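Two complexes, one shared chain (chain A), two partners (chain B, chain C).
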Partner chain A sequence: MSEATWQYRTPRKRLFLWAGWLCFVALCVYCWQVMTQDTIWYFVTDAPKQAADLGARMMPPKWSYMDKLWIPLWDTLNIATLGTLIGVILAIPVAFMAASNTTPSRLFIRPLALFIIVASRSINSLIWALLLVSIIGPGLLAGIIAIGLRSIGFVAKLLYEAIEETDILQIEAITATGASRAQILNYAIVPQILPAFSGITVFRWDINIRESTILGLVGAGGIGVQLQGSLNTLAWPQVTMIFIVILATVIISEWVSAKVRHAII
Partner chain B sequence: MHASSKTTNTHADISAYPSHWKRPPVFIQRAWLRWAIGLAALLWFVLALGTIEVNWTRVAEGLERGWRFIKGFLTPDFTTRWSDISKGLIESLTMTLTSTVVGVLLSVPVGIGAARNVAPKAVYYVCRSIIAVSRSLQEIIIAILFVTMFGFGPFAGFLTLSFATIGFMAKLLAEDIEDIDEKQSEAIRATGASWLQLINYGVQPQVMPRLIGLSLYRLDINFRESAVIGIVGAGGIGATLNTAIDRYEFDSAGAILIIIIAVVMVAEYSSGYVRRWAQ
Partner chain C sequence: MLSVSNVSKTYAAGDKALDDVSFTIPSGQVVGLIGPSGAGKSTLIRCVNRLVEPSSGTITLGDTPITGLSAGELRAVRRRIGMIFQEYALVERLTVMENVLSGRLGYVSFWRSLLRRYPSTDVQKAYALLDRVGLIDHASKRADALSGGQRQRVGIARALEQDPELLLIDEPTASLDPKTSRQIMRLLIEICNERQLPAIINIHDVVLARQFTERIIGLQAGRIVFDGPPSELNETVLTKIYGEEDWTTLDNESEAA
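Let's turn to the complex of A and B:
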């Protein structure tokens, strides 16, 4: 009588799992082949030298360039904040239309709202900016609208999930007092989602600061315009300076957002 | 209070109650602070609007182009530029998959090292600083640097996305490892297990479902990012899109955007399915 050893999976399951992993690895190798068929390997092997060269050019940062960065920095903050404002204002109705417990029509309006959310979320703000710059011309306005359009999907998605998680008992209590639909919204649903809503807004603002620093690469205003100019003229010490400013801005905004969210929630 | 008559006591009490109720302020209880913040916000708003220079004639000219974009989006043209689009799409997809796999593989050791409960202090600080560097630089900035170092093309994009994946995955993985049920790892430790056995039997089973879920989420993000980094020359569908928009070929651009949205939707639905299966 042979000793049976305990095994986590049946042989059949193990075989399937093994075959699955094999296919996955084969797929990855194939993708790697396809991706690198046009790669010039000389450039890759040369990279350490290029990196050292680039490092030497970038150092030291041109500190005096900061004088020219204050106004673009102010523009960047404005793009992010005004964009967040637009995005949030547009996201609120979309979120209420997308939440299955508040939507006016489950058949027509909810899919439309969900499509708006997906479309806005799948397209990066830089691509929105690219489009808007070509449509309404370069400048801050294109950046603000790009940030706004990108924010709609993010805020609306998180907000409608918060709306769907609201406590039904509180809504029933308000309904029982004979409240109208608007009053139910105001006194039963809004107080429940307000903390989540503020958290989402501040979180998105933080992301938007991060994204608005690079929108200028495609001409949508902010500090990215300076970055693009410095890159085009190969003024690497200026590029380093801009990177430092961007990094500092991102870290500060992340800190502020973490503090505010901590205070709210 | 009407202390004079005892008979109307109950009546007086009722009338003393306020008949109107005002909802208390939600966030800032101190009135002056609320007003000050409101005023500061208003002041900023006016200043911000004042510093935006908008060329309205250019905007008005652009409206016609915007209308053409909307028409192009509704009647997308897949065929004219199909060879460019398919090339960009294949680059994006291969770049996404390989960079996610490599990034996740590299993020696992970093993530374990950045978890306070399983890593020594020195390793913890090293791994946390790797995460901080990787997370605070945006993909596009890394892409600019990598394109200068490695030349144009999807290889630079692959490196960019892998690098960004490390920071993202390692941070979330480390947080997840710090949140594990300590009783299970303690039980494994009590059997005299080595550190590797502890990771394998105490930690890995607890974080695996979430690791799979996060990897799929990152796959989705990497595809979206791969559409962006092409703008600075790192390959992928972003380069095709950039060219299409530069040529004002809005119907081709619309087709590319529809493809991006479709791929993201497919990725999102299938990842939800796989995640349910993994848990």
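Let's turn to the complex of A and C:
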């Protein structure tokens, strides 16, 4: 009797796998050609020198410019925090309408809620801000609402997934006591999703701080307005100072959100 | 008193879980429901409080027909039926006290339950029950801080907090070690006797069923194939319920225990 052999893939599967890889490599080569056909290679070879030149002009940072940055920085934090608040408040009902185990109607309300989530997520906050600046004018309010609108989809999506992952047994047990729908929500579902909810909220706030730093580029308030102004006037030391402030803010917000998430779980 | 007559359940996928099941449980009687996995034990007790909707047949608790009630009436009858689960089914992130008080949800208004402002009689009863199951010192701990046996005791207290007229008990010992299993079974039987509570206990463990219940119903593929006292549960009957197996070792265990 000959020795039994075992192969992970059938010969047919192996052939397809090789053909697949071949196509992938061919596609990469083709794309590289498309990408580089308009490249002027002189500029590329020149790049290190240009970067060094720009770096030299950006250094040292203009520390005294900080005086003018405190208020925009405060605005940026407010945009992020208030925007997150609005987003979360609006996301909660959307999430409950989207989760298949809590939605009032699978046929009408659930698709509607899912559409709200997709619509909110598919538009970047910078685009939201652009639209809102032309609707309600430049300033903080446009930024806050832009951040809020963008956050709805993100928070609602993660929250409705958490709602769908709740333990059915705990819900059954509370239902069996004769609890009403609102009581089941309060006793069986909310305690199960509370850690996820807090985690998602802090995570989104953290993201929103980063996003709100650039909203000023389109006139929606915050530190981005200063960035825009400094870039336009080629005031590179000021740009460096703004980068430093943004970096410090993001590091602090990340640290805060990590602490909060740790405390909740 | 609970009476179940001609109850059948066919799931949407077409599997027949229960086939023309009928029995009556007088007050104070503890019935062990045995049968192989998938025989319909779980479906049967969930049909009684309509966590699963029976396809046909009628179920009556006292004078109340449970089948065919509106949503509001169903809530009112569910609070009269306590349920205890295999995996305890406590709300893990709530305290022991909140879990026990959740047995009153069918009685109190939404605002009272939201603000955790239960009537003091409910709170007194919850303390008394926690004392009865030996967990008075754990009232303000979170449920997930307790051991398996302790959680099941909280589950029992929650069911009793409802002032039930019937207990539905789904595999109360399947997640517990043999010693704790016996303690929990003993506690359940004592409580049923104290309160003259009828109960249906789904149970895998034939030895425990024999030892602790006064009547056994054997379910096989959704049909009742045995209904009688534990003493009549002989090899022929066990073979009818579970299929061919050497049952002699089970008899020895049963005598030893």
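Everything that follows uses one rule, which is that the second predicted complex is superposed on the first by the 254 of 265 C-alpha atoms of A that agree within 3 Å, B and C clash if a C-alpha of one lies under 4 Å from a C-alpha of the other, contacts with A are read in each partner's own complex, and residues count from 1 in each chain.
The rule we apply is simple: contacts are C-beta pairs under 8 Å (C-beta built on N, C-alpha and C of every residue); 3 or more make two chains touch, one makes a residue touch a chain.
Here the structure is a predicted model, which means the values were calculated and not measured.
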item	value
Chain B versus chain C as contact partner of A:L194, first or second or both or neither	both
Partner chain(s) touched by A:A179 [first = chain B, second = chain C, both, neither]	second
Partner chain in contact with A:L73 - chain B first, chain C second, else both or neither	neither
Touching partner for A:L169 - first (chain B), second (chain C), both, neither	second
Chain B versus chain C as contact partner of A:I147, first or second or both or neither	neither
Chain B/chain C common contact set on chain A	187, 191, 194
Contact footprint of chain C on chain A as seen in their complex	167, 169-170, 172-180, 182-183, 186-188, 191-192, 194-195
Chain B contact footprint on chain A (complex, rising order)	27-28, 31-32, 34-36, 38-40, 43-44, 47, 50-51, 54, 74-75, 78, 81-82, 118-119, 121-124, 126-127, 130-131, 134-137, 139-141, 144, 187, 191, 194, 198, 210-211, 213-214, 217-218, 231, 243, 246-247, 250-251, 264
Complex contact set, residues of chain B against chain A	23, 26-27, 44, 48, 51-55, 58-59, 61-63, 65-66, 69, 90-91, 93-95, 97-98, 101, 136-138, 140-141, 144-145, 148-151, 153-155, 158, 224-225, 227-228, 231-232, 238, 241-242, 245-246, 248, 253, 257, 260-261, 264-265, 268
For the chain C and chain A complex, residues of the former touching the latter	49, 51, 75-81, 83, 85, 87, 89-94, 98, 102-107, 110, 113-114, 155, 158, 162, 168
